[in-house]
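The two complexes that follow have chain A in common; it is paired with chain B in the first and with chain C in the second.
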Partner chain A sequence: MVMIASADDAALCRGATRRNFAQLTAGHLLSLPAAVALLLLFVAPTIAIFGIALTDWQLGADDLSFIGLKNFRALLVDPDFYQSLRNSVVYTLLVLPATVCLGLAVALLIESGRSFRAFYRAAHFLPVMATMAAMAISWEALLHPTIGLLTQALASLGVPTTNWLKNQHTVLPALAAIGIWQNFGYAMVLFLAGLKVIPPDLYEAAAVDGADSAFDRLRTVTLPMLGPTTMFVTIIITLRSLEVFDTVSIITQGGPEKASEVLLYTLYTESFSYLRTGYGAAITVVFLLMVTSLMLLQTRIMDRRVHYA
Partner chain B sequence: MNSLLHLTRSAGRHAILVLTSIFALLPFIWMISLSLKSPGEMFQSAFSLWPEHFTAVENYAQAFTSAPLLRFLLNGVFVCVAILVVQLAICAPCAYALAKLRFRGSEGFFALVLVALFIPHQVLALPLFILCYKLGILNSYAALVLPFIVSPFGIFLLRQFFKAIPDDIVHAARLDGVSEFGIVWRIMMPMSMPAVTAFAIFSAVSHWNDLFWPMIVITSERFMPPSQGIVAFHNGELGIQYGPLMAGAVMIVAPLLCAFLFAQRKFIAGLTLGGVK
Partner chain C sequence: MANLKLQNISKSFGTVSVLQDVSLDVHDGEFVTLLGPSGCGKSTLLRIVAGLEQPDTGSVVIGDRAVDQWRPRDRDIAMVFQTYALYPHMTVAANLSLPLVMRRLSAWQRLPLVGPLLPGSRSLRAAIAKEIGDVAESLELAHLLDRKPAQLSGGQRQRVALARAMVRRPAVFLMDEPLSNLDTTLRTQMRIEIAALRRKLAAAFVYVTHDQTEAMTMSDRVAVMFEGKVVQVGSPQALYTRPATRQVAEFIGTPRINMLEGTVRNDGCVDVADSHFVIEHDLAPGSRVHLGIRPEHLRITERIGPDTITGRIQRLEYMGNDLLLYFTALGQREQLVMRISPQQGAGLRPDLTVHVTAAREPVLMFDHSGAAVASCVHQVAQLRNQRWS
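This part shows the complex of A and B:
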């Protein structure tokens, strides 16, 4: 008995070792292509961008020299970069509150009834996935100073109109309106998901405690329970606003008078139009730090949300 | 009394939602409306959504003949399919290794995937442009595909799903003599179809819509994907002709919209998952 058992064990052990060895090589073999690609296409470029930011390199130039933090010091006093950063922040501050409020309102209204739910959800989600390059052209036509539907409608209501996208005082709000249009359906979908996981017993408990009206339920249960979702939506919409590029590059090219220069557009023109590569890389580093710190914040909130549920 | 209250509340709900729906749909409606009209009618002061003289045929025909619209669309299909196929071929085996196999360095490697997940793609544009230049592939399909052949999000998502598949199934397959490679494609992938679909939709929609990267590496109309193609049309000499331009824009938005209307839930799942990455 003992003999057989140990022979079995030995066979099992040999099998197990062989399997482990097979696993070991299979693990390496199966993840090798992805590892090489990640190193070549993600890690190396990220290191390179920090390196290039420390040089005075101009794309196409044969030589370059190490200039330390000079590019970053130049950024600090560059009025154009300051303008671009300011525009990005203003754009985000214009887009964010309206997008979150509108997304939340639409989600609450859709969930408050039964009819046409799927239709409303689809209608509001269409802008999220539609090709922005094509939609930007349609928006340009909507805001056209003579044939634009919106301009005509506002004029007929007696509102003073202007060439919205060519006027340096209205261009950023006009682009923000397009940003709100593009993103509020996205906020809606995330809020709908957040509403789905609120336990129904909470509403019953609130009713027992005397929360009778729909407004009371909203104030005592729905909104507090949506807290984590709201934080999460806020960060995602901020990220998407900081990454605005398509509308600016198609409709305004940063103009008029740099009134609609935003971070990513400046990054693009410095790096690829003016070929000031080192300077463009420095802007890229600033952009990277802004975006990754927001993403880290998002992950921490996600973690907390998991514990919460 | 109660039913009256219910009725007003329901009417209020629809009134507001119809208004916000109009806001969401207006650019689509306007785009289609302009694509049906003649130039003369567009500049008339009296406004209507439906054209008096139906010029759709002329506008759409001109969009397809005066710009290589069909080429842009086919480029889009080709590039999106190529990216997705290579992404799955590279990410799926790696996700399986991370989910089910124990090997040296697997933890460090997974950390690398997580770090890559945090890097926005625009940050990589400059070094990747230089890489494409050195490889001599600027202005080619290869330049459009290369930066996206590996997706950290794809690895992460598939790994999550593979992990949920019971180990017993993997053991049983090994006993049946299925190779590790076979397990990935014949067991893991078919059992994770919801994740694969969500990722496929996320990948295809992002690359169909992407404008930033094509603007950096493509200058010839031959290789332009749809988004860049419509911008070239818009900036070209025919860009002032709103009828054909809008017809082109409609054609470029239409494929994704049709796909969305057929598989709404899957699209919403794929695109929200992608943003949450």
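This part shows the complex of A and C:
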């Protein structure tokens, strides 16, 4: 009896193992296309970049030689690199808070109103969908020093105007304004989704407890409950600001006097205009490390503060 | 400390009428339960009292004043929500303080960073902290004050929600199915705690539930609601023994009351299937009626007479101190149930035939509209004995 039972068990086990193995193989096979694509398009280029950064390769050249950390040493003393790093940081510091605040404000306004919600949502989300290259050209026209609609409007209001995109002091804020315009719709959509999942009970409890003014509701319920959303929005907008490229490339080409030169644009010109691909790769590595560590730090710090479990 | 009066309250959402001309008085210190199936409007009524919902017509009076135009915070009420609605980002202490902080501190004093520096705010905060401590102590929450709601068990969260309602010493406590998210053991325990709590607090309680056990065990009076109307208000005993309508009779009591459909004969007796009951009433012969008999008011008899029902046992449910016996009367499809002692049930099994009679207990009678027939409450057995002895 015991023998039979154990023989049965063994057969069962073999059956189970066979089934598990088949399932495992099927699983691996199914994930293979995605894995290959990820490897070819993401992992391999990243590794290649790390490799190229250690060489003096020029785009299109037949030969290259290994030069160790020379590119990175050059980077450390390159004032242009620091200039574009500073510009990127300033641009992000201009875009991030304004985008988050504007996105949240618009989301709250849309959510509190009753009519035309879908219209407002779509209207504010349009810039996110638009082709940025085309939009950049439109903005260039709007900001034109003499015939620009925006410049003229400001002038008629008595606001001192300038050649926004050719002035060293205004070019970065002007680009940041375009960045805010482009991104806040994205933040708004995320905040709208976040607002939807706040339990209405909490607002009612707040009303009974006495926190029923707009400001108190915001402080007691809305903002704390939007914590996880705000964290996600902050990370996404930081990333999008750090990788700003199209407006710079189309409108200013980093000028005037490198006043709007940002990291990604420097990287692009070094690699593809000056063909110093090895040096460009070194900038990429620094950029990659910077972004990754920033994200990790943000997630670590904020995660502890926005999830209340 | 005040009475609560609801006067002719009606409410519709769009074309759906949720409450129709509801009036109800709750006295100071009284515990009144709104009992009804889901969708009967009981929660809406509670929210109207709280001021979270505006009635279309009618008025809410707390104390001597109509509070219809008042905001929830000014109504001297506190509410316990079904989901507890604790602020997840605040500690238990902060959750409990909020109602007092919002009332006693000015907007400036509540500001972060600046607020604590303003004159008076520190002493106010200290006073609040002391009151919170006392309430937390009384509900055995003192050791949890630094935790966040997510770190608490369901029962503890429930208690925090109760404490938050208590700290303000409101005139009226409103509770919206506060126990429905707890498991059975905890529910029983919290029922006892809430009952103890209300004896300590001099306030009016309005408690919403669909659970008749909660309603029957905790309330001074129960208002039974169906489809937006209060059908009957009375003590738990009154609802059980003298239900005003067939609906109430069927809603209250587990297992459900037995309803036998019958016809009034020319001699006044009521024919039910192949038996008849002798009941005093003033209905015209030929009227269709329903007789309601509680499961514990049926008993097995050896004697076969015109007032006995012959049935076939469907199944037996052993409940410990009782045995529930489900059977169908011959020629009828509806299943009936009786509650007997396990001793009486010895030897019974499914498919046996039994003879059942209504014991010396009231039989409830309802006319075709479902309203209780006034004269039906009689000692049937006595009448029967007069006739058949």
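Note that in this section the second predicted complex is superposed on the first by the 254 of 309 C-alpha atoms of A that agree within 3 Å, B and C clash if a C-alpha of one lies under 4 Å from a C-alpha of the other, contacts with A are read in each partner's own complex, and residues count from 1 in each chain.
Going forward, contacts are C-beta pairs under 8 Å (C-beta built on N, C-alpha and C of every residue); 3 or more make two chains touch, one makes a residue touch a chain.
This one's a predicted model, so the numbers in the text were calculated from it and none came from an experiment.
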item: Superposed partners chain B and chain C on chain A - clash or fit; value: fit
item: First, second, both or neither for A:227, with chain B first and chain C second; value: second
item: Touched partner set for A:76, first chain B, second chain C, both or neither; value: neither
item: Residue contacts on chain A - larger count, chain B or chain C; value: B
item: Which of chain B and chain C A:157 touches, first, second, both or neither; value: neither
item: Chain B versus chain C as contact partner of A:202, first or second or both or neither; value: second
item: Distance in angstrom between the closest Cα atoms of chain C and chain B, superposition on A; value: 9
item: Footprint overlap on chain A, comparing chain B with chain C; value: none
item: Contacting residues of chain A [partner chain C, same complex]; value: 199, 201-202, 204-212, 215-216, 220-221, 224-225, 227, 308-309
item: In the complex, chain A residues that touch chain B; value: 19-20, 22-24, 26-28, 30-31, 33-35, 37-39, 41-46, 48-49, 52, 102, 105-106, 109-110, 112-113, 115-116, 118, 120-135, 137-139, 141-142, 146-147, 149, 152, 181, 184-186, 189-190, 193, 236, 240, 243, 245-246, 249-250, 264, 267-268, 271-272, 277, 280-281, 284, 287-288, 291-292, 295-296, 302
item: Parts of chain B lying in touch with chain A, wherever the complex brings them together; value: 9-10, 13-14, 16-17, 20-21, 23-28, 30-31, 34, 42-43, 47, 89-91, 93-94, 96-98, 101-106, 109, 112-113, 115-116, 118-120, 122-131, 146-147, 149-150, 152, 155, 174, 180-181, 184, 205, 208-209, 211-212, 215-216, 226-228, 230-231, 234, 242, 245-246, 248-250, 252-253, 256-257, 260-261, 264, 267-268, 271-272, 275-276
item: Interfacial residue positions of chain C with respect to chain A in the complex; value: 47, 50-52, 71-73, 77-79, 81-83, 85-90, 98-99, 102-103, 107, 148-151, 164
